[in-house]
Amino acid sequence: MSRSALDAYANGAAWWDTAISDIKKNEIIIRGYPIEELIGTLSYGQMLYLLLCGEVPSVKKARLLESVLVAGADHGPRAPSIAAARMAATCGISFNSCVATGINVLGDIHGGAAEKAMQLFYQTKLLADADPSRDLAQVVAEQLDQMEKQGEKLPGLGHQLHDADPRISRLYALARPLVEEGEISGIYLQMAEQFRHQLELRKKRKMTMNVDGAAAAIQCELGIPAEAAKGIFALSRGMGIVAHAYEELQNRVLIKGPCPNREDLVRYSGPALRHLET
Amino acid sequence: MSRSALDAYANGAAWWDTAISDIKKNEIIIRGYPIEELIGTLSYGQMLYLLLCGEVPSVKKARLLESVLVAGADHGPRAPSIAAARMAATCGISFNSCVATGINVLGDIHGGAAEKAMQLFYQTKLLADADPSRDLAQVVAEQLDQMEKQGEKLPGLGHQLHDADPRISRLYALARPLVEEGEISGIYLQMAEQFRHQLELRKKRKMTMNVDGAAAAIQCELGIPAEAAKGIFALSRGMGIVAHAYEELQNRVLIKGPCPNREDLVRYSGPALRHLET
Amino acid sequence: MSRSALDAYANGAAWWDTAISDIKKNEIIIRGYPIEELIGTLSYGQMLYLLLCGEVPSVKKARLLESVLVAGADHGPRAPSIAAARMAATCGISFNSCVATGINVLGDIHGGAAEKAMQLFYQTKLLADADPSRDLAQVVAEQLDQMEKQGEKLPGLGHQLHDADPRISRLYALARPLVEEGEISGIYLQMAEQFRHQLELRKKRKMTMNVDGAAAAIQCELGIPAEAAKGIFALSRGMGIVAHAYEELQNRVLIKGPCPNREDLVRYSGPALRHLET
Amino acid sequence: MSRSALDAYANGAAWWDTAISDIKKNEIIIRGYPIEELIGTLSYGQMLYLLLCGEVPSVKKARLLESVLVAGADHGPRAPSIAAARMAATCGISFNSCVATGINVLGDIHGGAAEKAMQLFYQTKLLADADPSRDLAQVVAEQLDQMEKQGEKLPGLGHQLHDADPRISRLYALARPLVEEGEISGIYLQMAEQFRHQLELRKKRKMTMNVDGAAAAIQCELGIPAEAAKGIFALSRGMGIVAHAYEELQNRVLIKGPCPNREDLVRYSGPALRHLET
């Protein structure tokens, strides 16, 4: 089956087909709702969820999503995303392009663990649902066995800097009452903890969730697709990127590189001086 | 005075100096606040304002800011920002890079009028404050005179598609009660309306605010710096960009260009067939 | 083994370590050579190869590389890379950011087949070298068997538009004499043709190389690493992106979206008009 | 006069109108030439010039352009463009997106002086041509007077690091014989030197051309439009960006920020620890 856009159009598909918005003269419809009914009524978290997932989430769910967005908003200029945006701000490009420069690096490795963890969690849920005779702990153990065999790392655990990240316990504390109230199921929070706990037993050393892992569990609770995780993080870290690029812009310093001009920070390890043969 | 980063460092400045955040082991401080006290307490709008402007705004101010963010969130795939992100999603790059592609084009012209309008509004306020003997209408008239002389266009007015944009009246209706309650001064809303009204009289035809103009007035009311406007719009339209890129990703269509392969949409107007001289 | 940059630095590694260039006051050394000996001596293709691979290639090899760069330089505004850059040029961002917008979409799918084909070719070569008792045709057949089993598509074959791409025969005609002169081995050109030919026999229909496939074979002949392919294509298509963005910039048209405002080109398929419950 | 793309289309313009290339089934025409006649015939410099300016330049002119491209190709990881691309390479995004990240920062300040210098040179030429009674020295003096009055800095002079940049004398040495042969006029080289020399006399200290200034003079000699300068530099520095991002990719290090985690490199200067009022 062809996945060519040209073939789809030849077969009658519209070139640009969207269920997100309908834009006409003096009319902006978002997922069926007139925009003027959403402005001032929906929070940022509700609007993002409506655009991405198609329905308006409850206020409590949206607040939980915003908690995740706030948690990831900044990690200072040592983070490549923040540094890249700040360096861009000293190079004379449009401010939004500085922001894009920072967001462009939030890939598989820098914040991308949430997507991998969500994929694992959703898949584990499918396996657990498929065979109700096994409990969650068993399914998690099987998943860990398989990951071990394939040399895969469990996503969402460990951090270069933190081993008791203050964001994690806070996010958990915010999610727990929503489980009790039935707003979210709690299954993915439980699952994330199972993965962490069982790996700790296997490795015989303390394992800690990182903010990607906690965000992943909560985003699964909210029914957000795994493939959307990098986009959500872009809007979360995006806040910090905007603020840092703006701060650097105010410095009015020109062409700031990554580090000062010092011998211990940059090393040339290539061939010694030589000349072209003539 | 040198603006070189190297010179500043030679004179004792830290290479990376920030008043936004302090990141240490198991400690993330944002503008003085421990992050765990912000997560679940601040809304997206409050967190963005804190990061950018240094203080936590009131809930009402933050809601007004979120109204602006919601208003600009999407304008469908005919907008270059949305189309660029959707095309990127068919080309096999990281999802965040699709988002960056869309945000990269939100420049001076595509959403950038808000910054120009804010600069005008802040400057007009300074002029009005400097000479209390003139009323706002006079200062606005002088500004319009000068812009006319220099052939400058008033930013924040008119739209390719809308002439009664439903977002504008809604944003005004949300802002008005906050003026009455003293949350915001109302001076910039009044000023924007003065500019629109006086230009209408000069041009002798209906002039309508666009969403950039209304956003500019509200952002001035909130004390947001003009130079930050493109960053805020990046996080507003960013929501639509994330949703549209995700939707296109789900189509699993490959290499979608801007329009179907039809003769009426692409025209070659270069030299007729020729050959290199040999 | 940790792959953390912080750990490496803690163990004595330089933070920025490069074998490419050494920059000191009034001295720019590239791979050991003073830059002033390279300027005017090396062609673009030679300089790119020196920077990327560490040594200056022969003039003939560099010309072959430039042939590949010229071949991929443009495919008109229906290509997402070109369209994205042109749309960016109507949005008011820095010209280099328009170029970056175009290059940002040259990912796995849009031009990325060359990398996959190069990986396949290099791997096939290793397999052939490991067991001299089998001839190339046998090794290729085994690779095709395995790809078939795993449902993988052979990269570098087929095109949305062309079935006798004029670039392919030209590139082959340029490479052939270099095989005869011993400049390149010819093994990868032969291998690419074997893959194409055997697949044709299996599928019982005409299969044609595309420009990614031909570029891949030539780049393998030149000893370029597979993972560098997307970077090379960025500098090839980059020429077209620069020219098209510049042309669009000269139009001075504002906010050009992907297609005209016509009902047959954009379709909304979301929910019918609805209102928030209150 | 409207500059709206929608209005132009309503008046009969093609949506995508280009004089650069015509792409049909099995036919790729570049500025009138079939692509297969260009591949292997044109160098990179010739192809870039043809795409951008519409005609094939002489081999000597194209070589001079390539000299400029080679001269700007790399300035090591202390340059923001190189560092941004290397950091991106540790973050898990597509290789071309690493390249785009680097190119995205080559704005008005980082490499952008060439454009400003070219604008000045072209404008000075117009003034000189308009009144043949004044010699070049007089026109340059008037331009310097005016720039002084307006507080403008002469673009293309001075460098953070170099004061006798080895690239400059080499580029001049390559250009000189082409003046003698009549390939280029030499007027812009002379003009650049006049500007440098007169400023030196005014400032009473040594002033040196930088690589942007020398590139500007040569690009004017070649008839390249000023507004295209950033695109050309993108393809010049693009070589270094590709090589450095590839080198960093090979390190397989994860999330490398701008500098090591040391107290003397990052400083927090914001408010002391505080808590939200409740």
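By letter and in written order, the chains are A, B, C and D; residue numbering begins at 1 in each of them.
Here is the rule we use: a contact is a pair of C-beta atoms (placed from the backbone, for glycine too) under 8 Å apart; a residue touches a chain by one contact, two chains touch by 3 or more.
All figures in this text were calculated on a predicted structure; none of them were measured in a lab.
By the document's definition of touch, common neighbours of chain B and chain C comprise A, D. The chain with its C-alpha centre at the largest distance from the centre of chain D is A.
Distance between chain centres (mean CA atoms), chain A to chain D: 35 Å. Rounded to whole angstrom units, the spacing between the C-alpha centres of chain B and chain D is 28.
Mean C-alpha position of chain A lies 23 Å from that of chain B. Multi-chain contact residues of chain B (touching two or more other chains) are listed as 4, 6, 15-22, 34, 38, 76-78, 83, 90, 92-94, 96-97, 100-101, 104-108, 112, 160-161, 254-261, 265-266.
Because contacts link each chain to all the remaining chains, their graph is best described as complete. Within the complex formed with chain A, the chain B residues making contact are 3-6, 8-9, 15-23, 25-28, 30, 34-36, 38-40, 42-45, 47-48, 51-52, 63, 66-67, 69-71, 73-78, 83, 86, 90, 94-97, 99-101, 103-108, 111-112, 161-167, 169-171, 173-174, 225, 227-228, 230-235, 238-240, 242-247, 249-257, 259-261.
Only residues 4, 6, 14-22, 29, 31-34, 37-38, 41, 54, 56, 92-94, 96-97, 100, 104, 160-161, 258-259, 264-276 of chain A touch chain C when the two sit together in their complex. For chain B in complex with chain C, the touching residues are 76-81, 83-84, 87-88, 90-94, 97, 100-101, 104-110, 112, 160-161, 254-261, 265-266.
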